[in-house]
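Structures for review follow.
Each of the next two complexes has chain A plus one other chain: chain B in the first, chain C in the second.
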Partner chain A sequence: MNTLTVLLLLLGIHVAVTDRIRPAIRSLALQGILLGFLPLADSAGSSWRAATLCLATVGVKGIAIPAILTRATSRLGIGQEFESLISTKANILTTGALALAAFLACSRFGLSGSDELGAAAGLTLIFSGLLMMTTRVKAVSQVIGFVVLENGIFLFGAASGSEFTLPIELGIFLDLFVAVFLMGILMFKIHRTFTHMDVRKIHTLKD
Partner chain B sequence: MELALQIPAYLVLAPFLVGIIRKAKAFLSCRQGPPLRQTYIDLFKLFRRGIVRSRTASWVFDLSAPVILGTSVVLAGATPLFSRAVPLPMHFILYIYLMSLPRFFQTLAGLDTGSAFGGLGSSREATVAAMAEPALLLSLCGVGFLGKSQLLDGMLGGIPPGRIFLRPELILIAGTLFLVLLAENSRIPVDDPATHLELTMIHEAMVLDHSGIDLGMIQLAAALRLTVFSALITGLLFPGSLSLPPVLALPAAALKIALSGLVVGVVESGMARMRLSRIASFLMTATVLAVIALAVRFAR
Partner chain C sequence: MGPPVFAFVIALTYLISGAAALWIRSPRLSRIIGFGGGAVASGMGLVAALVRLLQGEPLRIALPAPVPWVASELYVDGLSLFFLAVIFLVGFLSSVYAIGYMRKYDDEGRHREKTAPLLFNLLLLCMAAVVSAGDMLSFLLGWEGMSLTSYFLVVFEHERAESRRAGLIYLIATHIGTGGILLAFLLLVQSTGSFSFHAFAHVPLPDVGTQALAFGFALLGFGTKAGMFPFHIWLPHAHPAAPSPVSALMSGVMIKMGIYGIVRFLFYLLPAPPLAFGAVLAGLGLLSGIFGVLYAIAQHDLKRLLAFHSVENIGIILIGIGSASACEAAGFPGPSRLLLAGGLFHVLNHALFKCLLFMGAGAVLQATHTRNIERMGGLMRGMPLTGIAFLAGSLAISAVPPFNGFASEFAMYRGLWEGAAGGGTLAAILITAMAGLALIGGLAFICFVKVVGTVFLGTPRSAASSGARDPGHAMILPMAGAAFLCAALGVVPFLYRFRDSGNVTVFAALFVTIGILASVRAVSLRRNGKRVYETWGCGFSYATPRMQYTASSFADPILHVFRGVLRPRTKKEERLSGRFLLDLEYETHIGDLFENGLYLPLYRLFLRFAFFARRLHTGYIHLYLGYILGTIVLLLILFR
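What follows is the complex of A and B.
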């Protein structure tokens, strides 16, 4: 259980600090699959509920979203490099500092319920997802950041022990799936219109 | 009895580890590779040779090789290999300082010969070492918290036994130490021990001007250092191996060292050398891993 949580945390950090897009998507997929096994490892819920959640998580986060992202990167012909506003070194150090801040916040302010490690790992994923969404300049990596953020919320929710009902959790999955799907289509349209995916240049648009 | 055997055991196992790494790399690239005894033969050959000295070299150069080997032997005396007790119990801060003392003399000797390569290697080595230090310090702190001791043997011996896969902080610390091992011992993602290409070499550039018995001492010290790191990491991952009965202890130690040699060989075969500018990212990743290990340790 703890090892699973730390593995999720490490995968999130790998996504946040790597400067190549394919390994990032692969780590994201693995994170989604591992996240699916979290409700199974936590035996509190009824078994069919856990099984449905597991199937939905693995299907959406482990297979569907990475597939959409892979398809988008290959269709848009996006190269290997992530582009970030801050350097790789600054990125690594910032992520480390954010992880430390998340762990401190969880122990100091009592943000967590029973599973302090899970809550802190979830908060770290939320922070690093936010960092990715704000510092990356390519739309695909911002979408990856968004999914990491979502995974963080899932982990945090699972750790803090507050029980959602099954329809709500499935609804969240549907939302996420539709969001990534739409972003994939949108990226394709932007690419076709402007032949690049650099969000910095969108600021120069005027009518 | 076991205490007296520890340093000789290290001295015997060190060339063995280097041989295992070479064998593993040769096997993975479909070559035969030198036999395991080749490392010992090379060392004996070097120890029988005389020294050729640069005319600009001073006493610092003469002093460097004995100091480097001596410090490495002391480190070997402080790191548990096959029992919890060690001949030289040592505080972990002193241990870290003693780890950088040989490097200090190595860089000085590299500068002392007046060759351009020596200075080049020294500057790079100092850079890498400075960035590897925080990761090493933080991970040994983590081991100290786990083993509830400040002495190196105490902290390794004090790790409570249990299944390793259920203890993420231990795996994280071992991973950090492995990254530090690669950086501190000039292994492949950071430096290539087999290259003599002046653009890329770090450690080899510093020892270019050493010869004969001096070179032998430095090579033995480098192998000892690698063995000490391997013993540290395998001691963390297999805490039970430090409390075996005496008959099993030595074979277990040899097995541990061989295992870490295999892992290093596989990593070296599977990776390319990094650009010098990326080494900083590599070692910062190690530091961040150590920080997370500490954080995970306290999130209970």
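What follows is the complex of A and C.
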């Protein structure tokens, strides 16, 4: 359980600090697959529920979303560079500071043991996902950041012991899938309309 | 049929008739069904409220909770029933009036007139909900519903920029007010832990500071709705902009919802408010009364003038309620009850005569197509019924016996007098209030001499005024009914009083004497006959209507006396040829001291802040996401 959490955290940090897109998507896929095993490792729930969740998580987060993102990057000719607003060094430092903040905040929640680690890791993923969305330039990186954020919420939820019923969990997956799907379509549209993917330039649309 | 079912039937009648009016093709039928249904429902409600009022015990109806873990209920006690009766009475009169008045929108072919009945009925229903609410949530729901429906009615003639501006001012004012009420309620919830109005009555609040804060917020909230000074500025904009039946309803009852809130707060929710609360309230009432009537005197717009009189009468009511609370706090329950009764009686009376006056103003407006009283004149000849009804309303609002305004103010004078006998601080407050009340009464009388004199007497000042005729039955009957009730409510309380003291014969003798004198005078007038001759023309060769005494000249001495606070701006232009006057233009304008001196600067300050804050709004998505990230991190670290 702890190993899984640490692995998830490391993968998240890799996504957050790498400056190339393909490896980030690969780490994202691996993160999704590992997340899928989280309900299996947590043996408290019924096996049917765990199995269904595992399948859905691996299917959506491990396969479908990375596939969409890979296809988008290659079809749009986006290139390998992430293009961040801040330097890689600053990025690493900020991610570290946010991880520290997450662990500090979690220490006050009154959780214990592996729960605390899981919650803190989840919060770190949430923060780093938001940071990616904030600092990265290309639209595809914002989608990646969004998925990392979502993974963080999943991890945080699993650690803090709040269990939803199966339909609700599956509904969340469907939402996520549709959101990423729509973002993919939007990226195509933005690309066709503006012939670039630079989110910085969208502010010219402001009145 | 139990009370809950009956309440449900009334609500349903409002809703169905209002909705039906939307779908009916013929504008005439739509009006009759929509407003007629509203009148029927109001009539049923009035009867039910009066019957229930005589029975006494409060009525509780549990409602399905709108939000989980907050119980919601209707709780109708004596105070609610009284206000319900006022709402339904004015609702009935103005609904009937609206059937006739709203006809003027029929020919536009825009079909917007079909929305009016629904909004009108919803407004009535929401006001009924406000006074019957047993918890804060239902209260606020009703309150917001009332504010929104009345907003849409204010901007009913939305093609006019003036209406849109009035609507905007009203919307802002009413939401600031709701904010105040919300804060006051939340302070109470924090202290008592309950959303119900009736849990408060049993749990004492911890300290006077919290009470004072809550009372301050409540005053801001309810005072804004009531049109209390200095939160009155929306009222003179909104009332003239709305169609006349709506003005009658808003000025007659909607602003009284603020009074209801203050009474509920001060006498039911706060355990034992200190003397200062009542004194502050009476002081604000005094200011409202004096400034309201002074600004009213300065107006040329008939409906705007009446709107300022609403401010004045709210002031009178607040004087009654505030001094009642002060007397209670000082340990004089007798005068307190008399004052509270006087204040509440004035709520009913003001609802009646202000509704009557706005209905009369609507009839005048429809006949002359102007709201400027300087362009009217001589209307008594063309529209005698409207004129007599308006005269009755004017006498009532000026507190002249035997009309109802006198009866309620008399009760207040009695209460103030008896309370002042106690001496001390209380006496100083009450005597000041009494002097203020007297000043207000005198000034109101002057103002209505001006209105009736300029509008209904003399000779017409414009072509439209000379051709004015009385409106149809649908508009005349409610005016006549209101005028009759004004007179009846002025006489009946004294009949009771004299019956109790065994002096009914004295009273009857008084009336008979007055009757005999009046008929003797009438006969002697008739015997002498009429003489028709030219008025002396001050040396001019022939008389024109423009030589009449104008409203401005009538008001001028008063405005001159109070020029220190009113600050009138006058413009006088003369064109002379040698020593002979060719042309003279004279114009006075009185801006609202608070509107220009307090609210406009505040507004500009706010605008500057808004322009500053706009810099945060850059259009960069990354920055927005950064705001979110920063906020979440801060919240997680600072709070838990």
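Going forward, the second predicted complex is superposed on the first by the 200 of 207 C-alpha atoms of A that agree within 3 Å, B and C clash if a C-alpha of one lies under 4 Å from a C-alpha of the other, contacts with A are read in each partner's own complex, and residues count from 1 in each chain.
Note that in this section contacts are C-beta pairs under 8 Å (C-beta built on N, C-alpha and C of every residue); 3 or more make two chains touch, one makes a residue touch a chain.
All values derive from a computational prediction rather than experimental measurement.
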item	value
When chain B and chain C are modelled together on chain A, clash or fit	fit
Partner chain(s) touched by A:R108 [first = chain B, second = chain C, both, neither]	second
Touched partner set for A:T134, first chain B, second chain C, both or neither	second
First, second, both or neither for A:L85, with chain B first and chain C second	second
Contacts of A:L123 with chain B and chain C, given as first, second, both or neither	second
Contacts of A:N2 with chain B and chain C, given as first, second, both or neither	first
First (chain B), second (chain C), both or neither touched by A:L98	second
Distance in angstrom between the closest Cα atoms of chain C and chain B, superposition on A	16
Residues of chain A that touch chain C when the two form their complex	85, 98, 101-102, 104-105, 108-109, 123, 126-127, 130-131, 133-135, 142, 199-200, 202-206
Partner chain B, residues of chain A touching it in the complex	2-3, 5-7, 9-10, 13, 17, 88-89, 92-93, 95-96, 99-100, 103, 106-107, 116-117, 120
Footprint of chain A on chain C - complex, ascending	618-622, 625-626, 628-629, 632-633, 636-637, 640
Complex contact set, residues of chain B against chain A	165-169, 171-172, 280-281, 284-285, 287-288, 291-292, 295-296, 298-300
